[in-house]
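The following pair of complexes shares a single chain, subunit A, combined with subunit B in the former and subunit C in the latter.
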Partner chain A sequence: MITLSPKNPNHNLKKYKLVFLGEQSVGKTSMITRFMYDSFDPNYQATIGIDFLSKTIYFHDRTVRLQLWDTAGQERFRSLIPSYIRDSQVAVIVYDITNLNSFELTTRWIEDVRSERGNQVVVVLVGNKVDLESCREVPTEKAEKLAKELDVLFIETSAKCSYNVKQLFKRIAEALPDLDPDRHEDNNWLQEVTLETKPKKNNQKDDNNKDYCFC
Partner chain B sequence: MLTDEDTEDGNFIELFKKEHNEQFYVLVKMHLSFLLHMTTEESECFYEKVKLRKWNIVPFGKKSKHKQSLDAALNQNILKQVHQLINFLKLDSNLNSEGIFRRTGSLERQNELKNLLLQGCTINFSNNHFTVHDCASVLKWFLADLPEPITTDIQFPIYCQIAESFKTTEAAHEIKILQSVQLLFLLLPKENKNLLQDIFELLHLVMLKEDTNRMSSENLAKLFTPHLLCPRKLAPEVLLKDSQILFSVVAFMIKKYPKLFKIPAQLMLDFRTHHEQGTVLNDSIKGAAHTVFSFVDNNKTAKENQENVTDAALAELYAHIQSLPETSKKRKLVKQFNKQNGQGTPLQVIRSSAPKNRSFGDSIKKHMFHKKLLKNVKKSGLTQMKSSSSEEVLNETMMTPRSRKPVLLVSGTNINNLAKLSPKLTHLMEEDSFNNPGTSKKLFVKSKSDGDLNEDNKSTPLKLNKTDSPKKLSHSFKNYMNSRDMLTIDNSPTDSSFSSRSDDFQSYTEFNDSFRDNRAVEEMSDSMLYILDGNSPNDVSMENSEGEKKLVLKPRQFDENGKPIVFETSF
Partner chain C sequence: MVNVQAGSSTIQVPKVFRILIDVVKTNMKTEGLFRVEGRKTKEKAIVETLDKGDNMPDDVDAIEAASVIKKFLRNISGNLIPTDISQWFYEAGKVAPTKIDEALQLCVLLLPLRNLHLMVYLMEFFNEVTKQSGSNKMTSQNMAVVVAPNIFPEFKSNDLQVQLEMSNLTLTITKSLIEHQRDLPTVLAALTNKLETLNEEVTSKSFYKCWS
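Our next item is the complex of A and B:
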């Protein structure tokens, strides 16, 4: 879907850090497991502290290395998280569509991310567990509205059914180049990318073109 | 889940703690230090702090309620409130709810619930206003918000030590973890212990419903480890690291809840023993800890005894004879034993009338040492320093065939352990024998020049080289002798001649480098061992320049021809 001019592709292996945030048992680890191994672990295991995984994804003309930081939703480990947010270019904030409380608390997470990173970050709001449609507590519209208000990306997924998980990472990858930390040293590459991704011009701001919503 | 027996034990413990407070902590602390191999100092400071803490409880009422803080130690009021939560969560319908303690409750309702609890209200859970997840979150919050973990800050390093030393996956370690934790609980203030017990009961109940609520003990442990065990001021990275170490122990504790709050049987036995003695002896044993703790592996000992019937029977026999009254008959029997079991070292009695059926090695030995040196001995004129009392002591000291060491303390109770004494204990016994003035006195002087000795030592390997097994000497021989020298130097400091003697052996071994190999001592020929044990060396003896009591060997009795009858060595 991304069409970039094939200029110097190997040179452009960029590393990006993604931090997954959200309350307990919303499916952060499951989402990462689905993306990394395309599998779903039916065990219901809490994460201790922080997990780290890394995956390289290929686009038509470039390669991106994503480092995924899986955090524990548990209260006691919150103190660990800010330092990981600080290092990340992307924050994925997950909630459980069958648990309204987990959705309500996403605003707190987004605030945390904004306070650490300001606008130098891609924020994605992810409503997980859409396979449990019958238990839904958070309407899609409500989440869309919140995402617009907070100027973040939004998508609904199901890690269990592998629904929209790849899509999520593609969107993240599309949004990434704007945040290239080396863009001033790598102008050619930056320009191409910027030109190609800009056409999706939802929600654009004058001086800040990295936050937009797809919905 | 507690039986009558447990309640009885619990009551006894309470009573004991009340009556013998100091002894209670001494015993618990001691058992704990045995289990965890802690030094007394480590457990001492730990214990002192626990004691202090008991008097430092801040009354809950003093705390500001607006802060929504439970910045207070446990008191009855707040415990009552927490029990409302625990009892509500214990309901079957709640235990079955998926993700209990994991799913997020409503922040708003949680705050409301906290306020109500802090105000001391009785909560009406029946109107379904508060969900199970709200209550579970508030319970976790309560535990997290205590000024220190419910297991107290000072116990935290001990839990870390338990987690590092033992693996929950190994059956042998399980009992140690369990006992350590049981002991730690006994050291907690009563309020903490009771609440902890209720919480573990709840967690165990949740775990039992894993099929429906999907919360395994591991899962619960991950959620509760930081709340229950970890101090509040840990750096985030340390907290993470420690939680990862500790969570398997907490999972184990949740699984083992039915046994978790019992009292270790050994400790209970100590308590009861002390209690019974305490009424009789009272002051005389104050401060001393009496324990049933044993470092002997009874199972292995029993097994060994079954397999080695002979040794066990012999040991019994020794014990029996040792316990006989001090009569000439006993002395005779002891002598006979010592003769039969190979004249164990270091004490020995040698008859001048050597056995007829000598081995090849014996004849070499005779050739080397006996003949030649005996002449020297005779020529130089022996000084006899006979002591009848020392002879008696010697004669009454028996040697075990195995350790070849004197049997010092044999009683009906430790007879089974005799054959399997660990090397360390054997060593201790050895030291005992050296410290015994009766045995250490038995040093006799024999005049003989150092020059002779060196010459003799040097001549030994050369001559042995001609025999079948020359290589069985040298290195192992040196080790063997050195080890014995060490013992001698350690235990009889007046015996300065031994240092020169060890030098002699050094030169001897240097001389012998060409013959050296790495064989172990046990590979030496029997005859060499025989010599090394001091059986032959009527001759291998020495004197120092002052001619004082520094010699090892001395002929004790002479027959009509002036030949020595009995030689003794005392190391």
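Our next item is the complex of A and C:
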């Protein structure tokens, strides 16, 4: 049974803007690519300026349109980012678990988001690249603690191995305003994933797919 | 300013760039060189050291030195490619792909001499970085993405499409400059030779001296 919100009598598409923030090469684009196309591009490619993609999703009997804004982590583009934050309902702050510096700089991004949007925004702290566990520099507990202190959601993912990426978007959808997760029990959008202790290895044959790092 | 060799020409560049590049050269295989951010506290320390004219601390790594190179590039007053000349570069970036390099060579010659020298020096070095892309993953495309915003005048537009077109244009230009930097010292040498023939009095040495 579809429940229509009084605001949307015609069942219009509700649109949400998500902005992805974080330092360079933490995996912002990879995360979006994994969610959009369920694929991973092993080529290391820096994002040019700002890019955006849209995806319509079905969640709790509702169709919502997500606009994903991918920002370049470059210094020069930083001045442009506040205007994208201003329009967003969700800010996804990504860091690389194998790079402590990228984690430490997340507080700066979160401050930027809070100063533009206050509490009118869903903020998620995402620790990416858990497939490189042996090179981890940021303990999960440390990030959990920070997320709690700053009152933001937290999850660890691997865009490369498709680990927890759907879960990330599910958590975001649940936190979106006007989308009450308790309204319906059935969850047609995004199957609940059983989290494995170890992320799945990507079967793609590619030199870049090796689990290695330079630490 | 220090003298450095570019092809057969001796050019002059600010000392800080040579010091920083020497540090980057110690670890050219670092993944994400020029892309990954360094530790802010370290970067600040490097800038302070260079400002004071002290020796570089030993524990500076390639990533941080690369970040500081970008920082200095952004701080060059009037940019490496100054606003008035940037228009010519933008035009050059729009010509047929086979003609871009030739058009850009002409544009580079329009740069003030100090900028021209630094351009030749940096592009040669960036090209060297891309030769290690098997390890550092910085192909000419990636290098251009991270370098372009630091050498062109800042461009802002509320229109996303316009903003993206501009980013792509500066990317195309920078990529071409990095890939075909080898021609730049030759062009520079040819220009100097021509000037020398025109006026025997103008030796390349005094020619450069008047700009330093």
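The rule we apply is simple: the second predicted complex is superposed on the first by the 165 of 215 C-alpha atoms of A that agree within 3 Å, B and C clash if a C-alpha of one lies under 4 Å from a C-alpha of the other, contacts with A are read in each partner's own complex, and residues count from 1 in each chain.
Following the convention adopted for this analysis, a residue touches a chain if its C-beta (ideal position, glycine included) is under 8 Å from a C-beta of that chain, and two chains touch if they have at least 3 such contacts.
Because the structure is a prediction, the values reported are computed rather than measured.
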Superposed partners subunit B and subunit C on subunit A - clash or fit: clash
Which of subunit B and subunit C A:Q24 touches, first, second, both or neither: both
First (subunit B), second (subunit C), both or neither touched by A:S79: both
Partner chain(s) touched by A:N99 [first = subunit B, second = subunit C, both, neither]: both
Partner chain in contact with A:Q67 - subunit B first, subunit C second, else both or neither: neither
Contacts of A:T107 with subunit B and subunit C, given as first, second, both or neither: neither
A:G49 touches, of subunit B and subunit C: first, second, both or neither? both
Doubly contacted residues of subunit A, that is, touched by subunit B and again by subunit C: 23-25, 44-50, 73-77, 79-80, 83, 99, 101-102, 105
Partner subunit A, residues of subunit C touching it in the complex: 29-32, 35-40, 70-71, 74, 137, 139, 141-142, 145-146, 149-150, 154, 156, 158, 160, 163-164, 167-168, 171
Subunit A residues touching subunit C - in the complex, by the definition given at the top: 23-25, 44-52, 72-77, 79-80, 83, 99, 101-102, 105, 213-214
Residues of subunit A touching subunit B in the complex: 23-25, 44-50, 73-77, 79-80, 83, 99-102, 104-105
For the subunit B and subunit A complex, residues of the former touching the latter: 99, 102-107, 133, 140-141, 144, 214-216, 218-219, 222-223, 226-227, 230, 236-237, 239-240, 243-244, 247
